[in-house]
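Order of writing sets the labels: A, B, C, D and E. Residues in every chain begin at 1.
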């Protein structure tokens, strides 16, 4: 995850300006899906033109238009005109990397959500933008539409609650799906944390340090993207928007509960990584201390011994007088020196062991 | 305690879907207990079928149905229909690991609580789910029903306040019991902390580090599970739920006070472990410093002495000239060298001692 | 101060149950003091029975009953009945170690306060429980009644404001006394901190570390006990309790100000100990660094010298050829070696000094 | 960025006193720009006198007066009188380095904003002061007017929304431009952070430390200057100022969203630098530990070997007796010593490697 | 600055008791200044008796009584009676070291402020107490009255706003002066911080550590004294006190803005010192690491060389056999050993340099 992912127009650009961007590498090809349904019928069209959608507006049925991939300026403008989407909101769809938010425009709700996905141990947060109107819903998502297949399937099921209720319930379905994507991601984080914890207490090396850092960093970035989702759902709950019916509110409350659970886990994990770094640092320094202590003790034992053998390596002339290294002439001098050195070594070892230094 | 304990459905699953899970290892066998009581009579049936409960609904007496163990999908569905429990709430009963919360459904209150238990020095947090209705209460708990025996006993006591009052007072009794389980757990934590503190100031080793880490970790996880309980009781107090009578509120306030005390202790203990880690780290490094200082001083004293004996171990030809190691021929040369070395050693020791290095 | 000081009943005990506890070691012998007063008369009885108090209830005069020491279950029950004290509150009196709080019961206020006392440099926090009624006040405190003598004296003074006003002013007097006990305690902490600070910058040793830790720990525990007092007084100020007259509020506001000052100082001291630990750690490591640097420099200077003398201690046969250690035969070889070594030592010393390593 | 950038009058100076300051080095030459416009016409005058502006007040058209550079006391006074700007506000214009704020004066709004600019990797925060009145807007900015050229261009465009709407929309345009300047600055910070992160995990040296410190410092200062901008926009949104029309509020909401995004990124970056410092410190100490370990192991292996060769360098008289260094006379003694030393070295290496010390 | 500066009565003292304290060393001699003014006239009397002030109360003019130095109990009592100051407030005047606060008494406002002054690089925070009444203001300050001379001068200026408006504007003047004293103090702190920062990155020693600590400590204490001032001004702004007229509120708002700026800077500086300590610690350890690394490398290079020369210092009898140190007899043996040692040294140096250890 890069640190700065927001797209923005140069400062001073007129609000609502739509400037086409180079598509991001993860973006899917542009494709507009249209699902028109009521309790009795359902039409699913997988690759429509922006202009084709207008027909469905007049009908009384519910319409869900989903735009996969990065829309061109033209497509956006057409969609915007067909569905009367506010230009400030359209700008936010194009400049992805927005914070989750909800914005009421006259008779329309504009909602931005963050969708966390984990691919090969790397978290990716993508923007999902939703416009809710009285009888239609327009959603935008750079990535693969197949992510929303569970919703489509439930729509195809005639007896499902989703089919029977209004587009506000479809909105709930989408929000719930986006928020619940947090759980598998956090589950994987949880597993990684447990693994790391074991590693730290066993073989802490510089690889572990890097892993902790990357985890911490991802949690910081993830928190930034997911934290405002709680506020989004809360606003929907309290906002008294006439587009959201009362019996959908019970379900949205469930959604709200999920956002809190996600944030709760994120905070706990952040606390955990902090605690792990502390433990990592002290276990590394503990291990280092152990090594240094043992090595220093070895050196300290040999240093006086080396001094002693040095003494008897001196070349004083034994003939110079009776006090000039007479030990060298003693028959058991050599043995005595060895004995003395062994005694010294044993005494030192005992001393060190008693003090708990070995 | 694992880091990720929440159970969840795959994202996009229809709300209220009940998918049977593999029972957790700590779960007790499924058993439904039914206690039907009023001021005059009490019926206790320890192993009833979900379908049997329906009969008690028509009666005017209070009914408490407790489900021990992990209910099957079928049992849940039957109970749900008998007592008209909301499907979203039923999903939360099944997907244990929820955050404590209270949710009002029409004429029903759904409450999730976290029950902390300590077994063999390991804290375990389990979910207790409670549905409160006008004249019945349904509770779910994976673990052993015997935990609730004090409540059953008080119910059996004819003169008890619990027997005389409504199911809202039974709710208070259950909440109080669940919350008060925090005290013995925290008492044990307190004792562990006191023990740890003594250990740190005496013999800090890597075992202590691991203990601090585990304690800190458990406190973090425990805090996450218990923190929202305060909010739950607060909501019950302020919520103006008609199911909870005014004279029960005084008792719930006492309950609220207990949740605050539990959180207070948790926070204090967290501060304590933080402080302990600091002390641990510095006492470890103090001890290491002491060792290294003594050893280095020993080495430093012998290094110049070894140099001196090295000097007189050189093989310069004494016959080469009068200045070529004449000391070797002095009658007291050897003694002088020893004397010199002793003087140097004493001077260094004095210097080091004065400086406070020894 | 122990970490867990709360007394509690086993979870599931019926609310308001009074179970007699073993008296704490610091508790004074049980003694009930009764002071009955109005503007004209005052009766002080120092050792009354719980049952004797009932007589004073009928009178129009103000009555203050103070229970010193740990009351037996029987005494409590009698007092409870005489003065109609709520059973939940009585439980909190017995289970000392409560958080400060205020609880309104019908026509009664129950207040728990924490009284900090310093004995021999150790802080002790004890519970003071107060029941306020229309014309009587019952207070409980394990410790010595003499602590409240200033209040008794002011009551004995005929012209005093305390004597002229109602029991709510007596309540203020007691609260003020309890809160103001924080100042001498904090003053001593302040002095200890100043002492510690000096020590740290001079002779930081492991004793200092322990002192910092104990101070920090006491501040954490003290904070936990005193923090809610602010909320207690605030609730009394805003609570619109009819038992507290308007002209007492001015004085309670002064009280509130004192609780804030106490908390303020506690927070500041906590910041200070944190800052001191940082300084302690770095001054310890600074000192260690100084020692190691000097010692290592000494060793580093002698190591090349020892190598040189080692070279000329080699036994190569000078007769083997003209290049086989001819230096040993030079008349000034020995002098040259000494010269060389002195030059090397001086160069190294200069180098180290220039680099600021010595 | 200096730590203290606020300009202030000596304490006790009368409020609203205008004391001319030495112009800051970054200030542009004083120049007053005047743009008078309505839907039909537009007049742009680039270098007018303060006194010339008064004429435009009577007209019904919208007037924007922009003062570039540091105004003299005289110019300020003239402008103040012409446009009836409040003297307290004028003081704040002169004493630059104010916190962003909004202050309502009678029928005027005074707004201070912080404009972050990055020049050669150094962030510079400058004050932009704006007075909003019913049909004119006066803005002050020390730096180059060309920064506001995008606004001027949009004004010149006949069909633009800016031209059609009132001065409150012009205010929005200016605020939006000022706030959006945060994005390129933060983008550069983001890049610097990513660079730093790579460096840390590769070649952490003291240069990196300084870089982290400077980054952290700039983030702290930037946060101080930008944090209150959020509150400014929020106050404009909620303030019910009659000068700001309802249809401008939608756009201001977009502005508010941007301030939150800026703060969000700043906070995230601050968390990141904190995390990076941790990683830096531990990777430095890891590297140091690696070096010391290897070196100490080398020393430890040679110390016993040096002792051994020292032993056989002793000069005991082999003729003194059969136990006086007989090894020296053995035909393979020398070889055996070498063998012994090699064995010892290999054993030690194996031991160290097994223990993971090498 | 001492840690505990509050003066207090022994706990249990009757509220409003005035006990004379030993004057603090910084206190000026007691002197009462009286300034009586209206738009037309002004009387300034520099050394009046407390009893003299009473006369001015009857007049319609505004009266400002300022008490310099520590008042005696008698003087306080007299002033209290003359101006009907509340006894609880008088106690706070005497017991200096109060937190800033505002307290409304009937038709009087009592305000305590903290005045920060810097003398010889040491911050001193002194209490300024102010009583505001309908047409008089009484202020108390231990230190020199000359501090308030700018106000007196403005009062003497006939045309000044201060002279024309009521005592509430005088109150504003005093508050503004007290608060603005924070700016020069913080400016000096800012300069000290910038200096420290340079020192740290250059020559961090133990002096720097002490400086950082003292700065941090002073910021903590200063924060404690200044933080509540913001609340004081805020309360005055919102308090709906009839003593403060509406047109003074605009000016107080400016005052409020200044308190926020002061706190803002204090917080930023605290962050800075925290960051500096981090940098200090790591730059110290970086420097230490550099030294140790170089020294250890030197030692490590000489250790194998010393071993080699030790080998050829062994005294094995070359006559014992052909394998007994034949090297010693080789004509170029000595040269070869030198060569070998040079090669080894160069190889090690290369290896260390490649690894970046030198």
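The criterion applied here is as follows: a residue touches a chain if its C-beta (ideal position, glycine included) is under 8 Å from a C-beta of that chain, and two chains touch if they have at least 3 such contacts.
Small disclaimer: the values here were computed from a predicted structure and weren't measured.
Q: Suppose a student superposes the Cα atoms of chain B on chain E; what rotation angle should they report, nearest 5 degrees?
A: 145
Q: So, what's the distance in Å between the C-alpha centres of chain D and chain C?
A: Centre separation, chain C to chain D: 41 Å.
Q: Determine the centre-to-centre distance between chain D and chain E, using the mean Cα coordinates as centres, and give it in whole Å.
A: Between these chains, centre-to-centre, one finds 25 Å.
Q: Note the residues in chain C that touch 2 or more other chains, in rising order.
A: Counting only residues that touch two or more other chains, chain C contributes 285, 292, 296, 299, 303, 306, 310, 313-315, 325.
Q: Hey, how would you classify the chain contact layout here, line, ring, star, complete or other?
A: The chain contacts form a single closed ring, each chain touching exactly two others.
Q: Name the ring's chains in order, please, starting from chain B and stepping to chain C first.
A: Sequence of chains in the ring starting at chain B, next chain C: B, C, E, D, A.
Q: Mind listing the chain A positions that touch chain B in their complex?
A: Counting only chain A, the residues touching chain B are 148-151, 154, 160-162, 173, 176-177, 180-181, 183-184, 186-187, 189-191, 193-194, 197, 201, 250-251, 253-254, 257, 260-261, 264-265, 267-269, 271-272, 275, 278-279, 282-283, 285-286, 289, 292-293, 296-297, 299-300, 303-304, 306-307, 310-311, 313-317, 320-321, 323-325, 355, 357.
Q: Can you name the residues of chain C that touch chain B in the complex?
A: Interface residues on the chain C side: 2-4, 6, 8-15, 86, 88, 98-99, 101, 103, 105, 206, 209-210, 213, 216-217, 220-221, 224, 277, 280-281, 284-285, 288, 291-292, 295-296, 298-299, 302-303, 305-306, 309-310, 312-315, 318, 325, 327-335, 337.
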